[in-house]
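Some structures to go through are shown next.
First chain A sits with chain B, and in the next complex the same chain sits with chain C.
Moving on, here comes the complex of A and B:
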C-alpha cells in the first residue's frame, strides 16, 4: 500500500514528458535572448564607454573630470549649439507644415494618393547626403558664377540670403528633405492608429468646422506621433555633419569634429557625451509618458 | 407602401427640461450614386415628430447613406432633406441640429468622458431650455463651470455619473456608446441619429442599451432615426420601421403591421421567416389555389392563370396528423414554447411550421401529415 502510494506520488510529482520538453524549449530561447542582448549591449556600450574613458583619462593627470568642467567655457560651443537648435526648431516647424496637412489630406480626401506621398517622402533615403550636397553646391555656384557686380537679380540675391551664416536657410531646406522619410513614417503610423474619419465627423456633428475639428481633435490625438517626429528631427539635425560641413557652416556636429581636430578633443567629446545623455533622458521621458497613458486597464459593464 | 398611425410615446417633463423638441424629418426624392453603384434611388420618407423610426435593410440598401444625409456628411445628387419643412440639404454638418451616435466608437481619445460630452457645448453653445422650436438666435455662450454641470447632468442621464474622469480607453464598449449618446444629446438636437450604435457590442450589453436608448428617446420626445440591419432590434425598439431595398423604400409601418401584413415579397422575407409554397392564380386574379384551397390574394395581384409562390409564415402553417397527403416531418428545432418543424411537401420542397411544443411532441420525425393554410388573404410572388 505504502509502496503504491509512493509510486503514485512519484508519478504525480514527475512532470509529464511533454512538460520537460517544453521546459527545455523555454530554456533555450531564454539563453538565446540573453546572448543576443549581451552581444548588442557590448556593441553599443563599448564605443560609448571608450569615448567616456577618452574624456576622463588624461595621460598627464590621470583620471579626472576636467573635460566636463571646461564645457561651459570652451570657445564656439554655444554659437554652434544655438545654431543647431534654431535649425532644428525651424526644421521641425517646416516638417510639420509640410507633412501634417499632407498626411491628413491624403487620409481624408485621397487615399489613392498615399502611395505617391509615401514614395516622395521616402525618396531622400536613397539619395546620399553627399549627392544632395553636390546638387545644392551646383545651384549655389550657378548663382555666384552668373553674378554681375551691381546687377544682382532677385534669384541671385535669394541664393545669397539663404547662405546667411547667422541662419543658413539652405541647411533648413536640406534638413527638411533629409527628415521627411522618418517624419512621414512616424506621422503616418500615428494617423493609422486613429479612426480619423469618424473622429472628424463626430467633431463636426458637435459643431466644430472642419479646420477646427482637425486642430481640436485630430492633432491632439497625434501628439505622440508629433513628438516622435520632433525628437527624430532634432536628433537628425544635432548629428548632421556632411551637408553643413561641405557647405561651410559650423553647427554643433561640425564644431565637435573641428574642435577635436584643433586639439580640444576631450572637451568636445565630453560635450557629445553630455548631448547623448540628454537625448537619452528625453527619450526616456517620452517613453514613460507613453507607457503611463496606456497602462490603465478598461473596466467592463 | 402601408403607413400606419404610430404609437408615439408622449414626451415627459424631461423633454421640456432638456429643451429638446421633436422635429419632422422628410426625405424627398433622394438620389445618390457612388461610381457605378446607386446607394439611394428616389428615396421618400417622412419621420414624424417625436417618433423613433428604424431604417432597416440589408447591407448596401442605402440606409446609412440616408442617415448621413441628415447629419450633413453626404450630399444627395438630387432630392432634398427637410427638417420641419426647412430644406437643410445645403447646410454644413457642423451647423445642423442633429446629434449622432456612430457605429464605431467615436469618443475623442484625448478627452475624458465629461470633456467628451461637453465638447459640443464648447464648440457650439447650446440653446436655452425651451419648448419652442430651437432657433440659432437663442444660443448663448456658456462658461466652463456650466458646461461641466451640464455634462455631469447628461452623464447622469445615461447612468454613468461616476465615469466623468475616465478616458475612453478606460471604458467598456457599452459605456463608450452611452457617453457617445450623452454627447449627441448635449446640444439638445432636434433629431437624434443612431448609426448601428449597438452592432459592436456583445448581446447582453446590446439588449440593456437598446432599452436605455428607447427610454431616453421617449423621455426626451426627440425624433430619432435608427439605422440597423438587425430586424429584432428594429421591431422591438421602433415606433415605425422603414424597410429599404436597393436605395428605395419598400414599406414603412408599425412593427406589428410590418410583420403581419408585408406589402412586398422582399419585406415578407426580410422581416421574419417566410415559406414559399407553390400555388396557381385562378381565372380570377384575386384568388390563388394553394395546398388544395382557394385563398384570396393580398396586396399586388398577378396575372390570371399563372404559377406563383404563396408566402406564408411558419406560424400560419397548419399541420394535422390525420389523413396524411404525402407531406412528411423531416426534423424539428426546439425554440422553447414553440417548436419549429421541417415539413417536406410531396413535390420535395421543405417548409417550416411553428407549433406549440406540446402539439409538436405528437409529430415525430418521419410521420406523415396534412398541410393546410388558414382562410385568410395570402401574399403571392412570381415563381422563380
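Moving on, here comes the complex of A and C:
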C-alpha cells in the first residue's frame, strides 16, 4: 500500500512523458480565470464608473463636482440618513440580544433545539418583505378602523406609538425580522469555528459563571462574526426601501428615490454612489483587519 | 452566578453515569430553551402577527368596500382575483424573470467564485467578498440608479455607444435581468464560496493521477459534490429576485409586469377600487411560491454540509 502511494507520488512529481500536456492543463484555467475576472470586473466597475461620470459631466456646464458638493447642503438628506443610522444601530443591538444567546444555546443543546432555531430564522426568507409589509398594513389598518374616538384601547395606542415618525418601532421590528436569516447564518458559522463546549468548560473550571464565561470568553472569540453581522445588517437597513416606502416613512433609500423623482437627479445619484462605495470600504477595512487577526489564531471557517 | 453551577459542570465535563446527571441534563436543557425564548417570542410577534393577518385577510372580504357595519365574511374571491388578468401576468412575469436571472446568476457566481478561490491574491478575495456583501445586501435603489445613469435612455454608455439605435432599452426583461444580476452574482459568490473552499485539493490530484482531464474532474467529481450547494444557491437567488421590489420601483417606467409592483400599487391605493385584500391574496401567492422553493432548499443545504465540512 505504502509502495503504491509512493509510486503514484513520484509519478505525479516527476512526469517526463506528459510534462507538456500537464503544463498546458495548468495553463488553461489560469487563462480562463483571467478572462472571468476581467469580464466580471468590467461588469461591476463600469456602472459605478459611468455613474460617476454621469454625475460630474453636466451637458451645459461641463465637468464639475457640484453634485458632490451639494450633498452637504441638500434638504432632507441628513434627517433621512440619521433615521436610517439610528434604525441600523437599534436593529444590530436587537439582533445581537436575540441571536447570541440562542446561537450559544444551539451549540450546547441538542439537535432538536438547533432545528427549531434554524427553521425560525429561515421563515423570513419564505415571506418576502413586501408580503410582510402587506401583513403589517393590514394590522395597522385594523387598529385605525376599529378605533372609537375617545376610547383608544391599549393595543390601539400601541399600534399608533410604533408608527411614531421620529423613531418608527415598526421598521425596527421589520428590519430585525429581515436580518435574522443572514445574521443567524453568520453567527452560527463563527460559532462553528469555536469549540464552545471546551471554552465554557475551561472558563467554568477556572471559576467563572456561565454568563460571565459567555461574555468574557465566547464573545471576544466571536468578534469577527459579530462585526460581519453588524456590517451586513447596516447595509441591509441603509438600503431598505420596500417596507419603509409602503408604510410611508422616509429613511435614506426612500429619500433617494423621492428626491430623484422630485428633480434632484444628480445629487441623489451621487449620494447613492457615495453610500455604496463608503459601505464597501468599511466592509473591506473590516474584513482585512479581521483576517489579519484570525491569521495569528488557527481558526478555520 | 459567581461560582460555577456544579450541575452545569457535571454535564459539560463528561457524560457521567450518575443519578444526578439526569437532573443536570434536564436543567441544562431548560437553560438552553430559556435562551431561545426571546427569539421565539420576537418572531411570534413581529413576524407571526403580520403573517397571520396577511393569510387571514386574503380569505376575507374587504370591509372598506362593503356596506358600513357589515362584518367581513369568508371568501375565496381575493385569491381567484389575484390569479387572473393583469395580476396573473405579473405573477408569471416575476417567476420568469426570477428563474432566468437566478440561472444566469448561479453560473456566473460559480465562475467568479472559482476564479477568486484559485487566485493567489488574498487582496482580491477580500475585495470581492466585501463588495459582494455590500451589493447583495444594500438593496436595489443605488444599483437601479447606477444602471439608469449607465445604460438608461440618457445613460453614459447608451449615448456614447449609440446603443439606442441598436435597439437597446434598459426597461425591458433583459435590461432588468442585467440589473438583477448586479446583486444576484454577488449573492451566489457569497453562498457558494465556502463550498468551493471545501473542495479538497487531494480530490483533484487523485483525479489527475488517474488520468482525468480538467473537464472530467469537474464533470465526475467537483460538480456532483457541489450540486447541492449550487441548487441551494439557485433557490436562494430565485427567492431574492422574486422578492425584489426596490430595483423595479426605482426604475420608473419599466414595462416588465412584476407581482411586487402590483402589490405595492394595490397597497398604496393606486388602483381604482380598494384592492388591499387582493394585495394580501397576491402576497399569499408569493409566500406559497417562495415556500415551495424553500422546501427544496433546506434538505439540499444539509446534504452539502455533510460533504464539505
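Details
Everything below uses one rule, namely that the second predicted complex is superposed on the first by the 274 of 301 C-alpha atoms of A that agree within 3 Å, B and C clash if a C-alpha of one lies under 4 Å from a C-alpha of the other, contacts with A are read in each partner's own complex, and residues count from 1 in each chain.
Criterion: a residue touches a chain if its C-beta (ideal position, glycine included) is under 8 Å from a C-beta of that chain, and two chains touch if they have at least 3 such contacts.
Only a predicted model underlies this, so the values are computations on that prediction, with no experimental measurement involved.
When the two complexes are overlaid on their common chain A, residue A:136 makes contact with chain C while staying clear of chain B. After overlaying the two complexes on the shared chain, residue contacts for A:99 are found with chain C alone; chain B is out of touch.
Of the two partner chains placed around the shared chain by superposition, chain B is the only one that A:217 touches, whereas chain C remains out of contact.
Residue contacts after overlaying the shared chain place A:232 against chain C, while chain B stays out of touching range. Between chain B and chain C, more residues of chain A are touched by C.
Once chain A of one complex is fitted onto chain A of the other, the partner contacts of A:151 are absent, as it touches neither chain B nor chain C. Applying the stated contact rule after C-alpha superposition, one finds that A:204 touches each of chain B and chain C. In the superposition on chain A, A:195 makes contact with chain B only, not with chain C.
Residue overlap on chain A between its contacts with chain B in one complex and with chain C in the other: 201, 204-205, 207-210, 212, 301. By the touch criterion stated above, chain A contacts chain B in their complex at residues 194-195, 198-199, 201-210, 212-213, 216-217, 220-221, 223, 294, 296-301.
Those residues of chain C that touch chain A in the complex are listed here as 1-5, 8-9, 12-13, 28-29, 31-33, 35-36, 38-40, 42-43, 45-47, 49-54, 56-57, 63-64, 108, 111-112, 114-116, 118-119, 122, 124, 126-127, 129-131, 133-135, 137-143, 145-151, 155-157, 181-182, 185, 194, 197, 205, 208-209, 213-214, 236, 239, 242-243, 245-246, 249-250, 252, 260, 263-264, 267-268, 276, 279-280, 282-284, 286-287, 290-291, 294, 298. Against chain A, the residues of chain B that register as touching in their complex are 71-73, 92-96, 98-100, 102, 104-110, 119-120, 123-124, 166-167, 169-172, 174-175, 180, 183-184, 186-187, 205.
By the touch criterion given at the top, residues 8, 11-12, 22, 25, 28-29, 32-33, 36-37, 40, 43-44, 46-48, 50-51, 53-55, 57, 94, 97-99, 101-102, 104-106, 108-110, 113, 116-117, 120-139, 141-142, 145, 173-174, 176-177, 180, 182, 189, 197, 200-201, 204-205, 207-212, 228, 231-232, 235-236, 238-242, 245-246, 253, 256-257, 260-261, 268-269, 272-273, 275-276, 279-280, 283-284, 286-288, 291, 301 of chain A touch chain C in their complex.
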